[in-house]
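Chain IDs A, B, C and D follow the sequence of writing; residue 1 opens each chain.
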Amino acid sequence: MNIFNNIESEVRRYCRAFPTIFTKAEGYKVIDQNGKRYIDFFSGSGSLNYGHNNPAMKQKLLEYISENGIVQGLDMATDAKRNFLKQFYDIILKKRNMDYKLQFPGPTGTNAVEAALKLVRKVTGRNNIACFTNSFHGMTLGALSVSFNASKKVTDKDAMTKFSVTMPFDGFFGEEYNSLNYIENYLKISRAKSDLPAAFILETIQCEGGINIATTGWLRELEKILKAYEVLLIIDDIQAGCGRTGTFFSFETSEIKPDIICLSKSLSGYGLPLALVLIKPELDVWQPGEHSGTFRGNNLAFVTATEALNYWKNNEFSDTIRIKSNIIPQRLSDLVKKYPEIHGKVRGRGFLWGFESNLKNFSVQVARDAFQAGLLIETAGPKNQVLKLMPPLITDEKGLNAGLDILQECLMRNYRKEL
Amino acid sequence: MNIFNNIESEVRRYCRAFPTIFTKAEGYKVIDQNGKRYIDFFSGSGSLNYGHNNPAMKQKLLEYISENGIVQGLDMATDAKRNFLKQFYDIILKKRNMDYKLQFPGPTGTNAVEAALKLVRKVTGRNNIACFTNSFHGMTLGALSVSFNASKKVTDKDAMTKFSVTMPFDGFFGEEYNSLNYIENYLKISRAKSDLPAAFILETIQCEGGINIATTGWLRELEKILKAYEVLLIIDDIQAGCGRTGTFFSFETSEIKPDIICLSKSLSGYGLPLALVLIKPELDVWQPGEHSGTFRGNNLAFVTATEALNYWKNNEFSDTIRIKSNIIPQRLSDLVKKYPEIHGKVRGRGFLWGFESNLKNFSVQVARDAFQAGLLIETAGPKNQVLKLMPPLITDEKGLNAGLDILQECLMRNYRKEL
Amino acid sequence: MNIFNNIESEVRRYCRAFPTIFTKAEGYKVIDQNGKRYIDFFSGSGSLNYGHNNPAMKQKLLEYISENGIVQGLDMATDAKRNFLKQFYDIILKKRNMDYKLQFPGPTGTNAVEAALKLVRKVTGRNNIACFTNSFHGMTLGALSVSFNASKKVTDKDAMTKFSVTMPFDGFFGEEYNSLNYIENYLKISRAKSDLPAAFILETIQCEGGINIATTGWLRELEKILKAYEVLLIIDDIQAGCGRTGTFFSFETSEIKPDIICLSKSLSGYGLPLALVLIKPELDVWQPGEHSGTFRGNNLAFVTATEALNYWKNNEFSDTIRIKSNIIPQRLSDLVKKYPEIHGKVRGRGFLWGFESNLKNFSVQVARDAFQAGLLIETAGPKNQVLKLMPPLITDEKGLNAGLDILQECLMRNYRKEL
Amino acid sequence: MNIFNNIESEVRRYCRAFPTIFTKAEGYKVIDQNGKRYIDFFSGSGSLNYGHNNPAMKQKLLEYISENGIVQGLDMATDAKRNFLKQFYDIILKKRNMDYKLQFPGPTGTNAVEAALKLVRKVTGRNNIACFTNSFHGMTLGALSVSFNASKKVTDKDAMTKFSVTMPFDGFFGEEYNSLNYIENYLKISRAKSDLPAAFILETIQCEGGINIATTGWLRELEKILKAYEVLLIIDDIQAGCGRTGTFFSFETSEIKPDIICLSKSLSGYGLPLALVLIKPELDVWQPGEHSGTFRGNNLAFVTATEALNYWKNNEFSDTIRIKSNIIPQRLSDLVKKYPEIHGKVRGRGFLWGFESNLKNFSVQVARDAFQAGLLIETAGPKNQVLKLMPPLITDEKGLNAGLDILQECLMRNYRKEL
């Protein structure tokens, strides 16, 4: 690891949590330079929903490269891009009766969020953006300004308070007050002051924030309120989208119709950088070139993304996810019961689950031990108190159980230390 | 083109300038679906300095993918990353006696700029950033805030005026005043007010701004002034770096030592998204994870980038560029003389040249005709009055002359229309 | 009026509402150049609580001027100031068991508010100030930034949204939601975000806002919440203080202990400019001269203010106000009943009452007619829908009835027009 | 002094510099409670140009009060105000061929500045205001934002940097560069960026800043530049106006025509709070009541101000000031020569002079001693290195010499200590 320590910036993070050098990967398994194998419950922070080096995508990628398919094309029209547009329209939009235009910003989630924020400000002529407690939307200045607690991470606190206002997420006040009352009252005040926000930006499931889930009823009611006040709704589906929760979009069961949707992470299917902003046609008021970016047309990513969408041609993949995923809450709930002193809480949907324990440093320690035992798993939440389970969607039962076995063992071991 | 018009956002730009569907590419040539071949003087806006589908890199890429090399790893340590770190240290840093730490932000130029701005603010505890007339640094909020005329492109003018101050680039006041006098006087005022900027961010050659070149003397003097006032210097070498001007960094001939250097575009060598922030070790005060990003470790890009650096093992590549590149100013100067009514101005270095004409819409029209005639070329400058010549560095004399022939013909044709 | 029209700025306002030239005044009566007498229910917008040219104060003023007492002394120690300090301490602070330091800012209410805002920011190191719906605190930039709807009045909207956040006043949401729930929830979010406001600034009765009254229970509960979150409380008692509500401070009955209190308007007793900031001793962290102002020691105002405070030596004055003031709500309520089509609402306390009617322009028209009939009365509220009754506290029953007679007649007349 | 120490805020300043209790005053003399007499070279920081308790004004004031003239009238038309308007038009505006509308803001200088800033922003639709190095314009947020080094005095640094930009005053760069070059270059950059400031705000002589004098040529050239760029010019003549420099306005000799002029301090002539904004008629775009303030019509101040203007009916007063004032620079220059080790610098005009010494704490110590010896004198400049001589304009030769004698003695005494 010497060269990493000597040359790479102190900002590096995951190479500290997972201190080895990885070389190869396949499906839900990752291999390091010593040949040790790890079960992956991390999925590149949600960017590998279809597993590592998915064979079908790999095949297409090798062909495209071999035949000198054009790789870098800014936003020029290419064959690869056309195929993706067609596939996305046919398989995702048309089937769901969704009417959206597609914008390709720079190929990362934070770029998609920046484009969305700029657009809602242009459309409405308003500056303020409402975001949520425990939100996370990215690391560039605009995305940071709508991320909770981001101010702790930057010298310039100003951007944090100036461009946005923080609303309570579903459940933030506990059972006592419904956060929607607060939101509606905020809008009442803002309207009286002629100072309504341009939009709300929302993750339906806050992943970095600790697997906080907005219920279907809350989402529907929120959409209704925002419509009444003529405030736009941006869904940041970067981490929870692309099938992670069992449906392609995380909000499908709620039947809401966001004005703008941000996608990235698993969009390319192969871990290649790609991002997408879906825009209701009437909001697509961009001037040509008004938001640009060198890598906004990553053709290799288009090739794999087109193949990835084949998973969604019918309901089979969704159904499989739903069935397999039942294992996770079952086994986690069993752990809660078995080790009551952990005061564990389990929440999630599809292949996105959190196991929370407020025992100090408990979750971080479990994750550390899990790495040693051959499982890659991350923590989330303001105090890293939540173990975040995100196996690739293609993980089979055997893989899930093998990972959960390791987790159970590490939980048990750390639970004993606590006693 | 129907699907692009129907589904893609109005924001699309280059598919309007180059209205065809591209399929394949090789070296300095691009091919569309009708089999028409184009000479590429655009190079993916500077991201294809080594040409399209460079054979050596292609080979490495195919091998890596075939062998299930790990693709997406956030900032985990991987074999591919280790190779790149070693190669970059040996070939770029050590040989030039440069001492820098490497940070991989999200894999686009604007992400690198955002990280740099955040870091200089953290290091200095100051908010204000000085940028330059006609600068362009990217499209996310922080990068926009240091881009000239960016305010014309966003509803929220505030970000533009609040976080930055604009300094005159070399030559901005014409011959009458040296812009450095202005800059030094600005620093005198700022210091008296205890309100010095954290840093200056500078492109040594402004590409989007119209091929404006900071002279060696100006750069050295600027560095001296900033040192005297303890203000940091960020060089944005995203478009002018990676060999574009004949040396790996654009500022090598000036011998300045920037505090921070931003690279992207041609860094991966193959048109794959990758970005890098070079940081003087004493400024590397990041906390682990303080600036993150899902695609900050693009392993496919590491593979090709490692191969690309082999071009710089000795001085041969540099020498070749210098010799070949003489053709460009020669032929452009001939055009200026031959068609004095165009009032052409020629400026540039290495494989980065501008041909300016203030005849209204002239340059845009020439570029449009060039596309029809089989040449991809872009315009730059606040009024798109500058034809920007950026052929891949691997273009041979024959290719350069073929492209310049087309350009000459289109210039002539449009010059006749003007008469 | 020609010279006023020709030379004075278009910004002039009350000379349009009361189109005559006034010459003399005494007690609750004002006389114009034609000898016409007006009953004053306006009291210089609350700056003449003791009536015009109060004889006792007049006497002291004439003596002081005649004897060449020092008039302008910045904040130098003077005899006149010493007397005022002593009197204010003895009669106001000591008797109420209040422990405060006295700061004399520039001699207007807005200057007092600016000083208070600067101080709470200095004390807490926080920037944000919470203000209330329909608040009004003054016309300088800082005071404007905490005034509701102020943004409608200035080009620079930014100051309005950046430095403050708006909280719902008592009753803002109607009966459905208690505004204190909203406030507490806002503080919960802010604390989680490490972004608590420095202070709340509050008028216990919003005068310009339309005679909106914070109930005793609401005030006490608010104080408790702010204490729990360690947020300071500034009471702006500029218009409602100095006896207007029957006690010297408007909040005496609630027994809250504000951290900072702003006074001005009737403080001098004679209509002379004077302002005062009361500061809990532990918050008095000013450096000498850190907030200054040429006229911060208006000695003529000290002379009359010292005399004015004699009204508060015992409870007699308070008692008289209470007894006399009963006439106002009684007669206004009778009007509501008599003319149900006006949908009148009556609210107020002491000598501060509002009569609201949502009939369009009704209140403005009544005030206009009242002027013709010999009564000076102003309107308030976001749509000027509230007739604001503020007779001098020294008005006797005869005077009150005479004014109310005129008001009744004008109400009746306009009510008939409506039918 | 006990009550001051115990009760008054720590913010008090001049009562520390002049530690006694003043009781009476007449002309250029002030008397304390022990009967000690002081020569006044301070003039209430420029608010007593006509001396203390000027007999003619005193007479008018006593009459007005005795006859129950209306005192507080907001901006209602009154007899006293009409007289002032007429007098100001006849004696000041008409005679100088000046065409301005009069706005009465709250009765302090900072209120006048706030009104001026708001108006230029409304007129131009631009936000940014250019102010000058070492400027001082007042203590409310807007005025602070255009005051140099104000940021040192407030927690909220943001207001300081956000709303304004600092330009170099005449001579700021020494002899090497003309500050006007910098200013014009700044405007060139701003125009290219479509970000011109709304206005420049300027004191022709910076009093608090250390008696820095803008030369006539510089003022004319500045006016020409601003016209060319369509940027407005506000002259803050609050301290240097009302005759202080020998003419009523400080800029009369330069013949510039400011767009807006702010007056206060000596406007009332008697030390009573009053302020005035003069506005070119075409810029008077205020809506009625758009900028208000309770004490904006201080009728007692109108009475004395009207009388004060009689001094300017012909040139006699101006001539007398000019002749008498010669004594000051003569005697100060003698001191410079006599005590070369002080490295004294003398500058000023009319009755406004500075004596600068960079010996550490020297000027502050001299002022302290002068107080003991019976002379009130203040220091100015960023390090309080300048003794500021501002005797009332009515001081006779005897008075001037008496004061200068004390100053000379204290200089000598401190100079000896230094040796």
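Here, contacts are C-beta pairs under 8 Å (C-beta built on N, C-alpha and C of every residue); 3 or more make two chains touch, one makes a residue touch a chain.
The shown structure was predicted, so the numbers you read here are calculated from the model rather than taken from an experiment.
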{"item": "Distance in touch steps, counted as few as possible, from subunit A out to subunit D", "value": "2"}
{"item": "Identity of the chain that, by mean CA position, is farthest from subunit C", "value": "B"}
{"item": "A-C compared against A-B, more contacting pairs", "value": "A-B"}
{"item": "Cα-centroid distance, subunit B relative to subunit C, in whole angstrom", "value": "61"}
{"item": "Gap in Å, rounded to a whole number, between the CA centres of subunit B and subunit A", "value": "31"}
{"item": "Subunit A and subunit C: spacing of chain centres that average the CA atoms, whole Å", "value": "53"}
{"item": "Two or more partner chains touched - positions in subunit D", "value": "127, 158, 162"}
{"item": "All chain pairs that touch each other", "value": "A-B, A-C, B-D, C-D"}
{"item": "Complex interface listing, subunit A residues touching subunit C", "value": "127-128, 133, 148-149, 151-152, 160-162, 165-168, 172-173, 177, 181-182, 185-186, 188-190, 192-195"}
{"item": "Residues of subunit A touching subunit B in the complex", "value": "1, 3-4, 7-16, 18-26, 30, 33, 44-48, 52-53, 58, 61-62, 65-79, 81-82, 85-86, 88-89, 101-111, 114-115, 117-118, 121-122, 125, 127, 138-143, 145, 153-156, 158-159, 162-163, 264-265, 270-273, 277, 279, 284-295, 298, 300"}
